[in-house]
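So that you can tell them apart, the chains are marked A, B, C, D and E in the order they are listed, and the count of residues begins at 1 in each.
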Amino acid sequence: MNRVLPASSLLYAVALPPLVILGLFFVVPLCYLLFVSFMTNSGTSLFDLEPTLINYAEIFTDSFYLLIIRRTLLSTAIVLILCLLIGYPVAFYAARLSARGRMIMLMVMMVPLMVSNVVRAYGWVAILGRRGLVSSSLTGVGLIERPVQYLYSFEAVTLGLLTILLPFMIVSLTNSLTTIDTRYTEAAYSLGASPWRAFLRVTLPLSSPGIASGLMLVTFLTLSAYVTIALLGGPRYKLLVSLVFDSVTTFRWPRAAALSFALLIIALIIAVIIQLVVRPNRVQGKG
Amino acid sequence: MGAVFLRLIVGIALTLIMGPILVVLIVSFSSGDALVFPPPGFSLRWFVEFFGIAEMRNAFMLSIVLALTSACASALLGLLGAIYVSRNRNGLSTFLQMLIMAPLVFPALILGLALLLLYKTVNMSVLPGLFIAHVVVCLPYAFRAVLTSLQSFDTTLEEAGQSLGAGPVRSFMLITLPIIWPGVLSGWLFAFVVSFGELNTALFLTGPGIVTLPIEIFSYLQFQGNQLVVAAASALQVLIILFVLVLAERLVGAKQLVQR
Amino acid sequence: QSKPESLAMMTWGGLWGDGMAKNVDTPFAEKTGVKIVQDRGSSPVERITKLKISLGNQVYDLVQLHDGVVPLAEAQGVLEELDPNSQNLPFLAAVPDRFKRKGWVAMIYSALGIAYNPNLVKKPPTSFADLWNEDYRGQIVLPEITHSIGPYIIPIGAMAAGKDARDGEAGFDMLGKMAALDPIWAKDTDTIMSALVNEEAAVGLLYKSQTYTVRQQGGKVEWVFPKEGAISYLSGTGIAKNTKNKALAEQYVNMTIDPSTQGWVAEVFNYGGTHPDTLAKLPVELQERVQFSPEETARIVDLDQEFMSANRGQWTDRWNRIVSGG
Amino acid sequence: MKTDSTTSAGASDVRFVSVEKSFETATALHSLDLEIERGTLFALLGPSGCGKTTTLRLIAGFEQPTRGQVYIRGKDVTGIPAYKRSFGMVFQNFALFPHLSVTENVAFGLQMRGIGKDVIRQKVAAVLDLVALGKFADRYPRQLSGGQQQRVALARAVVFEPDVLLLDEPLSALDKMLREQMQVEIRQLQHRLGMTTVFVTHDQEEALTMSDRVAVMNHGRIQQAGTPKDIYDRPRTEFVATFLGASNILEGHVRGREGVRAVVDVAGNLVQVSGTPVSKGKLRFALRPEKIVLDPQSGIRAVVKDVIYRGAQTFLYLDMGGIALNAVLQNTAATPADIETGTSVGLSWETASAVALEDPT
Amino acid sequence: MKTDSTTSAGASDVRFVSVEKSFETATALHSLDLEIERGTLFALLGPSGCGKTTTLRLIAGFEQPTRGQVYIRGKDVTGIPAYKRSFGMVFQNFALFPHLSVTENVAFGLQMRGIGKDVIRQKVAAVLDLVALGKFADRYPRQLSGGQQQRVALARAVVFEPDVLLLDEPLSALDKMLREQMQVEIRQLQHRLGMTTVFVTHDQEEALTMSDRVAVMNHGRIQQAGTPKDIYDRPRTEFVATFLGASNILEGHVRGREGVRAVVDVAGNLVQVSGTPVSKGKLRFALRPEKIVLDPQSGIRAVVKDVIYRGAQTFLYLDMGGIALNAVLQNTAATPADIETGTSVGLSWETASAVALEDPT
């Protein structure tokens, strides 16, 4: 019988290339790292072939690690909220621009990301440093007496992360918002909704794929944004990812691997929460 | 009132995003020796200096090529993955989604090490290895962007295409793709940007003589490298990429106008 | 064994790599016809990792490291032993033992002491202990733990407390007190220097050699040899384990300690060359910059790098708890 | 402006004064004047693309006129955005919220008015029963058939009993039975609440049965407005005559007058035409096919060209001295079942059925 | 499988064998059997939500049956994806490509078949003229009115002259005039090309006038299939009788037989009912309102409850001994204009007009 492949197997084929690439070049190394994370840290080798749970046990029992995890979660939450609060209006604005305007805006926001984080941090130092723009103009105006260091603080890290992550949020949201048919807003108006309520009840839920995408990108990037955190936070404000790098500099690969998995698990949990809260699939009429 | 508020936030956001880079851009034209803002005067000396460093030039070229190729590859793979995820709600779809997103958060340095070990065992040479690593790292961005668009795409349009005799591939190319094009484009841009700035995975994967620009900059700054040279390099980077983008927009952008 | 086109060397980028390229690599290529390709992309620990992973099929020939990580490199077995009898290493024998390890030989030396800005500091510090001073609150610049000399703050603290340099407890005790003074933690030496140049910091830990760099950049600093003794700092070259070009690599290492050319490190970086004959070949003014008096030399502290290296992981954690855990 | 708005009578709920609406590519409405009295059910009737939806969207405020003013309750609302006007609307393409269930869609308007949960539950259940969708309360729009979606849209628009109800072909996707049922429901609701209702339809029968007043549009202009009977019986233009049910458009020379009627010579037959002042020259008039009866005695004769059976009726295609003429006979037992193609028949009609047309020949 | 597919007759183009289709939340089709002969124009008729669109989508291959088989040209196509079947389709919601202009939308199917540019240009122009959209060739879908969009959808589906044409309420957004015009066009096209056409409509008149065969569906089941006249004149169930035009459903006791007919006592009146084998007990039968004529001599009498004027017709609501009865009179000159509410009238009809119903009482 010359029955052809049904459409679903074609769909299956579509999933194959990413599965294969990631399987070979992500899952395989990851499995190896998982194995490593259960080995003992070694002074004479990458790791010693002695199975142990200590690398994980440490993370979830030690109060210092717990503090770092709490701090990581808190800063992620704050960055997420700020990104959403600032990003949404901007995306809303961008979605109303012409296709060309949106394109230009997209570029304006993406191009700075191409500059190395290290260099961008110089920008921040030049702005926030003790002798930076803010400090010197404030002293100039006489608002503060002595130059103040705005760097190496929670605020600096948040600000730094915002500058890098906002574009991801804005572009995700803009993509989503532009696809929403205006007739839905019109329908809401016809039902007596004020613009604000029409936004809350219709536009916002219909943009949930964009919100989910934006939030996920921002979460994942915040969790792994080592360079920005290190440059703007300094050693006083370390997050989980900083500890991964500290483990590497001290040649403790098993521990670095274990911390990485902890990070991965936290990220995936947050991703699941985002998925559950934002429910991007409801746009297609599924609860 | 609302409009003013909106503009204000747009202004704030653009300032945040552009601020530090603008400072660096302006400072790169400094005539002074140190990175201070505002600069004491203006000159092009740091650009001249930059061009004198062969390693920087080579790294810049490598990074551009790498970013272009890996952005294309990730956009393609991300598109494929997003198609599957948006059309299926099963275990594999959830798994695939998580799998594609995972490299985003897994500390790249560690991933780089594991990849290096893998490459050593299969004897992969440096350039393809670097390319694959970039694809793995950029894929999540491209994937998410495309998925966003696909989730709001009305699939009856594809059915219409099939009823007109277009196979699934053709209806995808001729109907779905043009409509979700902005999503694919921003996915590609995401990937390009990320690849271009990717530092940590590549730390382990670069080889003697094969260095990407972020690493070159990073190492240059390791030991009393002049920050202004790096600022000039960055400024140049931004200008060249802006130029390419504007050119691309001129070439393909007009087609976009009617889309909504 | 056929002659390769090039040797691969892992080292620092920036001015250092450029300096090496100009003053060592180029003459080496002229002499042997073999180019040096620098791999500047990684930190010292990463270099060791790369060597370790490549052991089976070594793609590197040379590696430059500072003294702090050499014990790690040796423990990991990534360095070839330097054979003092090799005909390719004629200068090795002349280099004093404190500048050598089994698989590594320093090409530069300096010492870590205290730098201060006379404009900002009324009473110049004379010892490490003087740094623990309320007057310097927020104005002391120190290397943070991930800096290659980051862990030195522990022995320095111990010494400041009048204890043995290996007394970790005393060191961490002092670290706690220092952290309370809100110092500027610098991730690299450049940051220490720029903090001093732009007068963010009034005092800090700095190599003697870098004092001159700070001055060249317009900073006003004086360097003090602390009462407890300055801490030795070395940086040099080793040969990658299982290199395929050992003889050439040896010739290169030899070139790094050639007294006839080693003077460039003084000219460019104000470092002393490790070959005893190098000093004499320098102009007097430069000699002064890089030289330590015999009395000072006697008081230079050679930290027990093996001990430090063995404790590095644990100390890093402990340091983090104190500085970042608050 | 001010004077304008105060002079407009209080009784008119919606008033268009020379409203023009142009899109980038085309002009949809040309200088439209319209007046809809409070509490009436007003039907907008017209062919596809004549501007019905556009008119509705102008009332709603989704579009702003290119020229002219829109008044609602005597107030100039030109420029006032949609959400400040109070109305319920059924969109031509339904515009159901895809992320909300049927219940949630219908409850939306009530929630916006801050009505209590219990009341909402009751009202939603009641209106869903009204549109026969009680069982579908928890479905999402994409799980419904076309007609079901349309009924949800209707339920959503009426449930909060708006002052003005705008319906854009609200019954087009329904079968006749359901449609008639819904027509009755809408009519009753409209009567009970006295809401001004503007009803777009392309179904002239619907317009005639349901509405208090009808406006027939064509090419962005209103051709005639009035009560259904008025418009049906006394069409002013050929377009109105033919659009509202079939009509024979005949032309002849005026031969004289008989009281208020003109006597017209059509292909040799003398016919009386009412409602015209002319007593000379050419005259066009309309004659509805169903007004024609077979009358063997009549002097007006025609040849049967074709006979078509159509359920309740039989259609006759006739040739009256070279002029094509259609007639419709009801299939009662009395209908001569033996009309055959090619035979000659006699025709007659009431003189009032032949109506003179205004538009130029 | 193999045997199954070969046994099915070659003449049937589409065949459903006990097809069932369930969605997560509901079953849309229950064990559907259907046979559509090659070259026929087949109408699917039924109320909203009865499963018409679902049936069409099963033929198209957009849905796969939960149970049962679908054959096309004798081949079991269950599981074969849509694009491997050759058909043109008009979707209920049009599904026009928003990024393509009208011309490009229409040209799409031709391009897929690798037809030359010049031919495409000609064909597209011709079909756009057919649907009276020649002027709109360069517009984008969102710049068109609802009816215009629907016509583009129609043009797009027919332009490449598919073997099978699936039309999901293709004329629902059109006014009567345009609609009748399109009906003729579709019919002609269908005849000329001999394409099997499945036509979903909720308009029984359309189904009756246009199609060769009609299937009446309800609740996911086919109630009756046959020629239009068959179904109209001899409905088998109450549903079919009432859905296809109005019908009075009467009930009475069988009193005896008169030849092939039963004599039934309805509220005291003796009525002959054809097409029934029963000679005892209760019987339900259908009588179309237009079959009823006023007959002063008749013994069957009823009281006039209401008179409604409706354009070409007048509706009478009657009470025949407690049983409600509707009648429709055509507004000819002969119609007694003076029927008044409350008066008693005599009724008569041809005996063949009263048709017995099958479904259980």
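As a working rule, a residue touches a chain if its C-beta (ideal position, glycine included) is under 8 Å from a C-beta of that chain, and two chains touch if they have at least 3 such contacts.
Because the structure is predicted, anything quoted here is derived from the model rather than measured.
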Contact distance in steps, from subunit C to subunit E: 2
Dominant chain pairing [most C-beta pairs in contact]: A-B
Gap in Å, rounded to a whole number, between the CA centres of subunit E and subunit A: 57
Geometric centre distance via CA averages, subunit C-subunit B, whole Å: 37
Interchain centroid distance [CA atoms averaged], subunit D/subunit E, Å: 24
Separation of mean Cα positions, subunit B and subunit A [Å, integer]: 15
Numbers and ranges of subunit E residues touching at least 2 other chains: 81-82, 93
Junction residues of subunit C - those touching two or more other chains: 43, 46, 49, 53, 198
Shared interface positions of subunit A, touching two or more other chains: 7, 131, 195, 206, 245, 248, 283-284, 286
Touch list for subunit D against partner subunit A, complex: 60-62, 81-83, 86-89, 91, 93, 95-99, 108-109, 111-113, 140-143, 156-157, 160, 162, 166
Touching residues (chain side subunit A, partner subunit B) in the complex: 7, 10-12, 14-19, 21-22, 25-30, 32-33, 86-87, 89-90, 92-93, 98-100, 102-104, 106-127, 131-133, 159, 162-163, 166-168, 170-172, 175-176, 178-180, 195, 206, 209-210, 212-213, 216-217, 219-221, 223-224, 226-227, 241, 244-245, 248, 253, 256-257, 259-260, 263-264, 267-268, 271, 280-281, 283-284, 286
Footprint of subunit C on subunit A - complex, ascending: 41, 43-46, 64, 67-68, 129-131, 149, 152, 230-231, 234-238, 242-243, 245-252
Residues of subunit B touching subunit E in the complex: 154, 156-157, 159-168, 170-171, 174-175, 178-179, 258-260
Of subunit C, residues touching subunit A in the complex: 43, 45-46, 48-49, 52-53, 72, 75-77, 138, 144-146, 185, 187, 198-200, 310, 312-313, 316-317, 320-321, 323-326
